[in-house]
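Once you scroll down, you'll see the structures, which are given as structure tokens.
In the two assemblies presented below, subunit A is common to both, partnered first by subunit B and then by subunit C.
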Partner chain A sequence: MAYIEIKNLSKWYGQVLGISGVTARIEPGVTGLLGPNGAGKSTLLKILTGQIKADTGGATIGGIPVWNHIKLYEIVGFCPDMEKFYERLTGLEFLTYMARLHGMSKSKAMQTARDTLHTMGLDDAVNKRIGAYSKGMRQRVKFAQAIMHDPEVLFLDEPMQGMDPLGRLQTAELIRDYGQRGKTVVVSSHILNEVEDMTNTILVLNHGQLLAEGDVHEIRELIDEQPRHVRITTPERRKLSNILIGFPEVQTISFEDAPDELMVQTMSPDAFYQRLPDLVMKDKITIEQISTLDDNLESVFDYLVK
Partner chain B sequence: MPVYEQTYSHYEGEYRPRSLAWTLIARRGIIQTWRKKWFRIILMFCLAPFIIMTLRIYLASNMELLNLLEFNTSAVKDILNIDEKFYHTFLLIQSFPCFLMTLFTGADLIASDRRTKALTLYLSKPITRLDYLFGKASIPCFYLYLVSMIPGLFLMFFYAFFNENWMYLWENRQIAGRIVLLSHVYIIPMIALILAISSMTRSKVSAVVMFCVISFVPDTLVNILYNLVQETWINPDYFSLFSLNTVNRQLGAVLFKQEIPYDLHWGWYVSALAVLVALCGLILNKQIRAVEVVK
Partner chain C sequence: MNVQARILYPLTALVTTNTKMSLFSRKAFFPGLIASFPLGLVIMFRILWIIWGAPSDDPEATDAFLIYSMLCAMMYMQLIIPLLSLLKGMGTFTEEIEEGTLMFLRLRPAPRSIIIAGKFLSYVITTTVLLIISLWSVYTILSTIPGAGMFLGDLKVLIKDTWVLVLGLVAYGAVMMLIGTYFKHRIMIGVFVLFVWDAWAAYIPGSAHKFTIKYYMQSIFPHQREQTIVESLLTNNPPASMTASIITLLCIALVSIFLTSLAFQFKELSSGQENES
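Moving on, here comes the complex of A and B:
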């Protein structure tokens, strides 16, 4: 059994669609929740964190229904998508307050708050008011409140928005680490390479419906009817294009803006890649670089949504 | 796809009892409000009548001092008469400080959480919506007690103290009960109203304006309508049910056995307050949600 089970989940706000008929299984580890704005990512996360009730269907965490089980929220951490909060409180005060809402004693809450601020690299900002924090620091303190009680399940809504590169790196590492410890982490984002840094397992939502789920590469197999694009950097692009045009698996060839780049569109990338050594060995073509443009989440997402 | 060991387990440690979750929200809010310097100034202003009333009790308990100063006229004696009317008058005066306290402590309570989307922070924690509401309601409630019920009871205590007559407290326990009741007649609807208003907006200013309008405009309307229908078949007293201040005044007069301004049974006024609180409850139930629908 998956740790999080979502069965035929639908939520409507009057005439406005939240999510519709979403069924998914989320295993321990990190799962990316992808989709454009308004796709239903936040609605799904709010249902999973028990904040709103689904109109139909249901979801369970560890076999326990998420709606109206207050006890369950003790093992759940949630990092919402919000920018301003508790400007007058210091980071330490805010986290202590949040820990106390989780039921910790005052001394334990304060110690946990300090430890978590340290983990998030906010030692210098412990006694600084949140109002004076940078956007990245706010994100980190918000993230800190989600992980401070060491939850078994972590839901993160756009957790890296506004973070500096170092902060992103640290946070991504922390999230990966959480996943590797057997915890279940669901990260929603519309910045796809962000998710790619943390996991290959994704759920793709659009217009409130689940478009795809699974490993990025498994999803790629689902969209095999879509052509792949391979960019080749070579000083002999005219000579190379003359050879490539004779390959049956090559659909189109186009010259890129850069003088040494050409773009190949193919339906059979594996067959195409098998021919490349011959190009070098037999035809003596110099190939400086090959990049497959569709192997990132951005392309997968684009294919599925369009 | 990575396969992980199923190592997860439920937390088995000690947690605070669920029933006390709201106290954390209340305590945090009370402390945060107290930290504001301007708020402490307003609170002092709200307690000014209490200081004056205490002085009246002191003078009433020390008539020889007035004799010495040759102030012991019949008019002064009337002012210094400490009876039910004295306590009723004090609570009538305190209705405005109660309004101020409600406004300054309650207007931004839920509006700020909606503005910053902090509601999701609360609702994703192991606390219920009722915990959240009780916690928030306790903040204005605490300060309203500070300017109504507590000083009212302290006035009784001071009278007993200045006169060294502790039996006074026992003999006048009904007055103490009326002070407690009338304070709650003020406090409960005002808190329900300010929370409902605060939950309907993201702006503190809007909440302040709405609360002022709902508090004062019906007063004026009631007066106008009352005079308009004087000569008709309509009983003008029914209009008094639509003004919170009028309802409070009427119930205060009933409780302290003073002359009632309108000739309607007190049950009507209690019902009016119950309807108001129920309406506010419905609004809060609808508004305290983790999502906002953008149509």
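Moving on, here comes the complex of A and C:
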């Protein structure tokens, strides 16, 4: 079983910081790599897959240094977040090509490609050009090229992006299954819920630094300790605010710049959301839109930094 | 992994897939257009001949072999081969970087030199196919000119021309691939090497001509452009022997391929860094 050892990794792109002093040990199983856009997740994954060289520090996978060791790619699979393909190849041709670069004979490569496309639910698109694939299908074929050689270590950069709900479920299940089989899977994402569906173990990156590592529930608790902001769009904001002020779970109410928006701060969003529909029904108040501003990782990181 | 799995399977996959992608796609349009330029000229020339008769009474002006020889020396040697290598050779590797697909190759356990060799072989096959279609068609059409019977029978010339020009594609293409990999302003440098240095170094006194590909190609190419008196005075360089020319051209190609694989191995060639997250 291969584990990942990261020691004091730093990477700069000229004056721009990629990551700084990241040290971690990733054990077999699924690990979520969380962070907002620009946190350094992709940089870390590119270093760990030997695509770019760290300026300082180093990393090993199963004892193999990650930079400039082609042997590494026998045990590593990588699903990038970019949308680039050999557009004129069919899904089958693309995967067969990739499998042959792994040293498989033509017949074995074709069989492996077919099996992997089947696993990813792309049987119908086997002979269709990738250029004609939908975003979700492209995401699946990208995932397929990462897993087709059954790697010990799998790096997935935003693997669910662009997938439909069913695709997300299937992919999450596949990732969990990989982890349960003793493989090491690192999944990067900026959506906490997405990662929570797959694993409890997370690394949190922000501004290129490792902010936290451990159990996702600890992070969730940290979020729950913070007040949430809910933005409500309604043509009757004065009437609504007068009613909401009486709610025990509402801490503050403020008017936004837009004439039909108000901001509610609450410690118990669940209770607040439960009560809101009754209110709408009872007082016949029109609510056009509700959005929870804190349900993104940016705010979690802000809390963590504080 | 055994040798077959480590070298043969990746190499054949690279050659077949890339050749297919190069030949049967829009990417082949411009190189195809360039390669078929002399063919277009010859077709036009032949049609006009059929409609209006021989362009001149002078038998030399309508000598099929002379026309063919001139096309080889002026068009294929000086224009088509350098342009094909600039367009296709330079893109052999950089195309993968620009299109963001390099990562798919980089994350495979195939030796880097095999990946480069496979891609380069695919370039050679693609450009050779384009060259052969053009050159052999030109030869065939010209051989229909009345009185070109002898020329038609002399296929040895055509075969020699083909392999010398392919050797040119190999040497120029490898150098262009190297330039494409290492330099930011690759097109500018490539144009300079092909159409300034290679074309004019022969006029520099001393041994500068020995550092051009053209010198070795011309040493073994059966067709030469007629030189003016000034040109012949300035470029009185004795040709290299056939063996020396072939070895030098192959060495240029091998060294360039080797240096390109070093870049693939040691340089950070990750695309799309602007989208860091």
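One rule holds for everything that comes next: the second predicted complex is superposed on the first by the 216 of 306 C-alpha atoms of A that agree within 3 Å, B and C clash if a C-alpha of one lies under 4 Å from a C-alpha of the other, contacts with A are read in each partner's own complex, and residues count from 1 in each chain.
Criterion: a residue touches a chain if its C-beta (ideal position, glycine included) is under 8 Å from a C-beta of that chain, and two chains touch if they have at least 3 such contacts.
All figures in this text were calculated on a predicted structure; none of them were measured in a lab.
Colleague: For the three-chain model obtained by superposing on subunit A, do subunit B and subunit C clash or fit?
Modeller: Clash: subunit B and subunit C overlap once superposed on subunit A.
Colleague: Just subunit B (first), just subunit C (second), both, or neither: which does A:76 touch?
Modeller: Touch status of A:76: both partners.
Colleague: Which partner does A:184 reach: the first (subunit B), the second (subunit C), both, or neither?
Modeller: first
Colleague: Between subunit B (first) and subunit C (second), which, if any, makes contact with A:92: first, second, both or neither?
Modeller: After superposition on chain A, A:92 lies in contact with neither partner.
Colleague: When the two structures are overlaid on chain A, which partner does A:113 contact: first (subunit B), second (subunit C), both, or neither?
Modeller: Touch partners of A:113: none, neither subunit B nor subunit C.
Colleague: Looking at the overlay, what does A:204 touch: subunit B (first), subunit C (second), both, or neither?
Modeller: Touch partners of A:204: none, neither subunit B nor subunit C.
Colleague: Between subunit B (first) and subunit C (second), which does A:145 come into contact with in this model arrangement: first, second, both, or neither?
Modeller: The answer is both, since A:145 touches subunit B and subunit C.
Colleague: Just checking: does A:253 make contact with subunit B only, subunit C only, both, or neither of them? Give me first, second, both or neither.
Modeller: Neither: A:253 stays clear of subunit B and subunit C.
Colleague: If you stack the two complexes on chain A, which partner ends up touching A:37: first (subunit B), second (subunit C), both, or neither?
Modeller: A:37 contacts subunit C only, not subunit B.
Colleague: Between subunit B and subunit C, which residues of subunit A are contacted by each of them?
Modeller: Residues 13, 16, 18, 42-43, 46, 49-52, 70-74, 76, 78, 80-82, 84-86, 88-89, 97-98, 100-105, 145, which sit in both footprints.
Colleague: Can you check the complex and tell me which residues of subunit B touch subunit A?
Modeller: For this pair, the touching residues of subunit B are 1-2, 4-11, 14-16, 18, 21, 24-25, 28, 32, 35, 115-118, 120-128, 289-291, 293-295.
Colleague: Please name which positions on subunit A make contact with subunit C in the complex.
Modeller: For subunit A paired with subunit C, touching residues are 13, 16, 18, 37-43, 46, 49-53, 68, 70-74, 76-78, 80-82, 84-86, 88-89, 93, 96-98, 100-106, 109, 145, 190.
Colleague: In their complex, what parts of subunit A are in touch with subunit B?
Modeller: 3, 13-16, 18, 27-29, 42-43, 46, 49-52, 62, 70-76, 78, 80-86, 88-89, 97-98, 100-105, 145, 149, 152-153, 155, 179-184, 200-201, 214-215, 218
Colleague: Quick check on the complex: what are the subunit C residues that touch subunit A?
Modeller: Counting only subunit C, the residues touching subunit A are 1, 5-6, 9-10, 12-14, 17, 21, 24-25, 99-101, 103-112, 115, 265-266, 268, 270-273, 275-277.
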